[in-house]
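Common to both upcoming complexes is chain A, partnered first by chain B, then by chain C.
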Partner chain A sequence: MDAIEAGIAMVMRWDVILTILAASAFGMVVGAIPGLTATMAIALLVPITFFMEPLPAVGAMIACSAMAIFAGDIPSTLMRMPGTPASAAYTEECYAMTRKGQAEVALGANVLFSALGGLFGTFILILAAPLLAEVALGFSSFEYFWLALLGLACAIFIGAGSPVKGLISLLLGLFIAQVGIDNPGGLPRFTFGSTELLGGIDFIPAMIGLFAMSEVIRTMATGARDWNVKQVSMGNPLKGWGTMFVKYWPQQIRGNLTGTAIGILPGAGADIAAWVSYATSRKFSKQPEKFGTGHVEGIIESTSSNNAALAGAWVPALVFGIPGDSITAVVIGVLYLKGLNPGPMLFVNNPQTIYAVFTIFILANLLMIPLGLLALKAGTALLRFPRRILIPIILMFCIVGSYAVNNSPYGVVLMLVFGVLGFLMEEHEIPIAPCVLGIVLGKLLEESFVTSMIKADGDLLAFFERPISGTLGALTILVFVWPIWSSLRARRQRRAA
Partner chain B sequence: MRVSDLIVGLLVLLGAAALYSAASTFPPIPGQQYGADVFPTLTAAGLAACGFILCAGAVRAGPFPLAQATWIREPGALPRALATIALTAAYLVLAPLLGFIPAASLVLAGLFLLVRVPLKVAVPVALATALLTWWAFAHGLRVPLPRGFIEGYL
Partner chain C sequence: MRRLLAAGLALAFSALAAPASAAGYPDRPITMIVPWGAGGGTDAVARIVASLLERDLGQPVAVVNRTGGQGVVGHQAIADATPDGYTLGLITVEIAMMHWAGLTPLTPASYTPLALMNEDPAGVQVRTDAPYKTAQELLDDIKKNPGKFKASGTGQGGIWHLALAGMLSSLKMDPASVPWVPSNGAAPGLQDLVAGGVQVVTCSLPEARSLIDAGRVKSLAIMSPERSKLMPNIPTLKEATGSDWAIGAWRGVAAPKGLPADVSTKLQAALKKVYESKEYQDFLSGRGFGGKYADGPGFGAFMAAADASLGKVMKEVGLAK
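The block that comes next holds the complex of A and B.
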């Protein structure tokens, strides 16, 4: 109980609250701009968090990501352009409502159910994380190896369009994680004689490059033309909240549950949750024919789901140090930098910090309602800001942010290299997220694999001997084998037909 | 700026070969069978398999038009993408010589002009952005941004 009180007290400070408010506003701006993702908002925020105490830094990231995911719904509804990939699943539906003159209903539903979804995900995080942490205390290198591999497998087979390209991206990430001297042999690998590379590839400039710089290059290439914002008369977004809440509560609960479960799954995040929930909503709807014509039912389920996934993704991140999605992948890097090494020992040694994180989640989601309603008013004005001015300014932030990591131009070089790499990868439909997870999980995967092999004297069966390790191993193999098996079966059926 | 999956696959195969040859030079941990070479070797094997699958798929699918992305067909798209990269690289050269404010102003002005912001808007906005960024990072967050020749004036 003392830890809970201490945790709440840590958050209820003016500097923490102000940071949360400022980060929410930043998340709103980035999320509302089409093409700029919630992960990019987090990547751009990271250099600023260097100068903060650990708790405001974590608070800023939670508030920023929650707000960015919601704000992605604004251009999605008004312009048929998803602000973040997490809004893409129901963009058509939201825009169809705008065409029917019901933009305020769609956006009102987005505000309310995003906040409720986020609160539900937080509730599960509060319940599940400490319980899982207790189990995780007994984990050895075998279990950590499988967990890391499971996360990577999910990222390839659930997230990517082409599993082969997803795997290439992942292996590239694993290779990047191998650079430097921090490996089981303590040997400099792929450093080409550079002293800067001895310490490995700095994660933050790499993230800024992959997520932000690549988008800047693409937007500059197209001339950064302004968006065509339709003038919509926006009524009261609070209209119909009560009716929607009563009428669509099963959809909301189902969205919350799906989103949280997908979020908890290592490697799968808010965008996948939204797609799955939209499809589920249509499948179980009594009026499936109305989907795509501006029907709020699917919007409620998927918007609940993507925000619930955001909190769910923190479960594996806090308990095992394994990111639930690309946002928590960046967050884990920051937690290490701030000395809050994620893992079960954080729950034992620093429970007040964990409760403070939970409190921030609740606060950020509650704040989403008033801030979200304000954002709806500001949203159209923001979308009228000339993109030709905005994009070069974002590039300058990328440069200064990468420099600030080590106060060295090396960060800017890394950011540029990874920016070009990210741009080329996306041009060739190679997804970026598996690469990021590879960079984050590479060291854990290698360390746990080599340690386990040394412990087991090279016996691979040892990976299946402990009960949890064996179960995780079987699950991981299933994730790898299932898509291959189902594609072979589909091919056989096609041939038979 | 897209090349066919066959070329991507071949590049991946080439990368896998380079990775494998580098990994084979890493010695194992003394007294152990496993060391710094295990993971790079496994990564190289995975990349080689992916490269092969990608090449095989591309050969089966047949010829591929060189430029597929829609933006590449827009006039000036590729030069603008390259100029953005070049201007970022120019910042790296200019900042230590001129200092952050002049270097950032020049790069920003260049970027604005690249996307056809009128000169009379581009120059003041570039200068104001550079000054504000300097104020926020160097003054507010104490980041030692390069000062260059204006060292004595700040």
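The block that comes next holds the complex of A and C.
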């Protein structure tokens, strides 16, 4: 108990609190700028932490990353431009709400459920970090292969409309993920001798192109007419939140659980968590037909999920120094520099520091609510501009964001190409979401399959030999076979009748 | 209007073409390109070097990550920049490997070397519960069961892959007797080691440190002539097996080829000061990184030697084109 008190006391100092506040504001700004990811936000903080005390340094990283992941939802809702990859799964849903005049409701839901998701992930971290890290460490490429395949199954549930068109989109995404040399064989594929293509297709410019640039092109093609909707003000946030909280609590809990579980796994992070949660939400919804039309249900589940994943990623990072995502990879370096070497001994030798870190987590997620509301108000003001002025601003953000990823014009070219692709796809009613999912999961799927085959000397049955892998495998096969079987049965019954 | 534009362009070009001189150097911000992602060890080295260089030169030094293509993209960007001292880069051991694998025409000679900043030798890591006490016992078992053990730690043909293949080759064993499982760096490889997916990981000690400290992984030997400062109880490969094979990942600062001599001198002096600073030394010991310094010509000679020896081994083990 003393350690807990000591830990809280370590945080309740003006310099720590002030650092956390400043880092939060910084994270909010960086996350809201498309193309700048949460990982980049904290990498920018690293040189500053060299000259800080250990606790403010770690506090700054926690606060900054939590805010950045939430802030990614802001441009995603207002401009159809995911601020971070973790927002991509529900970008269309949020934007559809904006088109209905409900931008503030969508963002309000994002603020509240991001914060709650983060808190939930933190409690799991506090309660069971050492135990769960043990489980996560047992995941090998065999398990990740099934997870990636399960993730692809999400495409079945997220893609509205024709399954064939959804499949075309998914395959296109998987193809895009193949470009470059960063594949298990280390062989250049589809690079045509270009050094830039050797590095592959960057996910962020592709995403900005597919979502935001395509919308810019479409608006230009239709003459940038203003929307005939008035944005409703959220009114009293507490009242709106109360209703959502009561109505959608199962979705929220499910999102929290999925997010934390995926976040803990070192090979999967907040972006995959958001996709899985969005698909789950739709699959088990009582009103799946409303998804994609600006329905808050799926947003709640996936926004809870990506912030819960963020805390989950700290589990293997603190216990074994194995990064749970790219953000904790940066954090581990800082922990070493500050003499807080990650490992089970950190919990034994330095419990007050661990409790201080937990306190910061809780504080940062609580802080997200007022800061988020401020950002929301500032952001939605953007929508009052006429479309013919707003669209060039969005175009500018597209260019800056895709340039910033790698500081090269190559990103801008990619973004433009994908903008045209996205425009053409949507003109032909081919959904974009499965394509983005394919880009996200393509590498994981291929890597886990090829490395598993090398380990097992080509024996396919190895995918069922390990207990967790076998269970996941059976589940995956069930998910794929079930819809086929049930439709066949329905057909037979119809014939019998 | 058009004339104005032309004049503007001419002015811009003349500014670009003006010969860089050390007289006022540096009078604007400097960019440091890192060919690897934010958050990795190379990125961390670049960021501390940049912040210390900034203090010494009095101009901001911005770190820019140009990732992808197993380092080719970033190394290319450094070599292609204008050699005026305003674009530097942190080049890594891969520059002495990639051209042998046929990935790029770039070699260490494509740069103006400025300073070697760090080197970490490869280690031989197995699970703590593995039945081997020494590297020799492991190697004997590999000899008896070729193909049974799998190793990981980096991508196909990466530095740790070469470390393993070179070690086996130096002991007159078939480099293919331990198939390589490509991974996205040391951390996923080590996690797979603990998960039971692979049996050996040949990454550096600082990378394996957290799992060694946690009692999950043990290191049997390091591929260096001297023992490590971080874990002095781990024998060298020579002590454990008699092999002279030594290999490590190194990082150094370089500029594009053709950097004016006065700018180069100024940067070398600044980088030497950075290396000797308390902050940099604290950073190295904090992260467990190995320090190794050489000035510009020394770094050039070091790279040329590394290039020749890595090329020889890559040909031997079949990783060269």
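Convention: the second predicted complex is superposed on the first by the 268 of 497 C-alpha atoms of A that agree within 3 Å, B and C clash if a C-alpha of one lies under 4 Å from a C-alpha of the other, contacts with A are read in each partner's own complex, and residues count from 1 in each chain.
To be clear about the criterion, a residue touches a chain if its C-beta (ideal position, glycine included) is under 8 Å from a C-beta of that chain, and two chains touch if they have at least 3 such contacts.
Bear in mind the structure is a predicted one, so any value in this text is a computation, not a measurement.
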| item | value |
| --- | --- |
| Which superposed partner A:218 touches (first chain B, second chain C, both, neither) | first |
| Contacts of A:164 with chain B and chain C, given as first, second, both or neither | first |
| First, second, both or neither for A:138, with chain B first and chain C second | second |
| Contacts of A:184 with chain B and chain C, given as first, second, both or neither | both |
| Which superposed partner A:200 touches (first chain B, second chain C, both, neither) | second |
| Partner chain in contact with A:454 - chain B first, chain C second, else both or neither | both |
| First, second, both or neither for A:412, with chain B first and chain C second | first |
| Partner chain in contact with A:326 - chain B first, chain C second, else both or neither | second |
| First (chain B), second (chain C), both or neither touched by A:113 | neither |
| Touching both chain B and chain C, residues of chain A | 50, 184-186, 407, 450, 454 |
| Chain A residues touching chain B - in the complex, by the definition given at the top | 48, 50-51, 164-165, 167-168, 171, 174-175, 178, 183-187, 189-190, 213, 216-218, 220-224, 386, 388-389, 391-393, 395-397, 399-400, 403-404, 407, 409, 412-413, 416, 419-420, 423-424, 427-428, 430, 445-446, 449-450, 453-454, 458 |
| Partner chain C, residues of chain A touching it in the complex | 39-40, 43, 46-47, 50, 137-142, 180-182, 184-186, 188, 195-196, 198-200, 202, 266-267, 316, 319-323, 326-327, 329-330, 332-333, 336-339, 341-345, 406-408, 447, 450-452, 454-455, 457, 466 |
| Partner chain A, residues of chain B touching it in the complex | 1-3, 5, 8, 12, 19, 22, 26-29, 32-40, 43, 46-47, 50-51, 53-54, 57, 69, 71, 74, 76-78, 80-81, 83-85, 88-89, 91-92, 95-96, 104, 107-108, 111-112, 114-117, 121, 125-126, 129-130, 133, 137, 141-145 |
| Touch list for chain C against partner chain A, complex | 37-41, 43-44, 47-48, 50-51, 63-70, 72-73, 76-77, 101, 103-104, 147, 150, 152, 155-158, 179-184, 187-188, 190-192, 194-198, 209-211, 213-216, 279, 283, 286-288 |
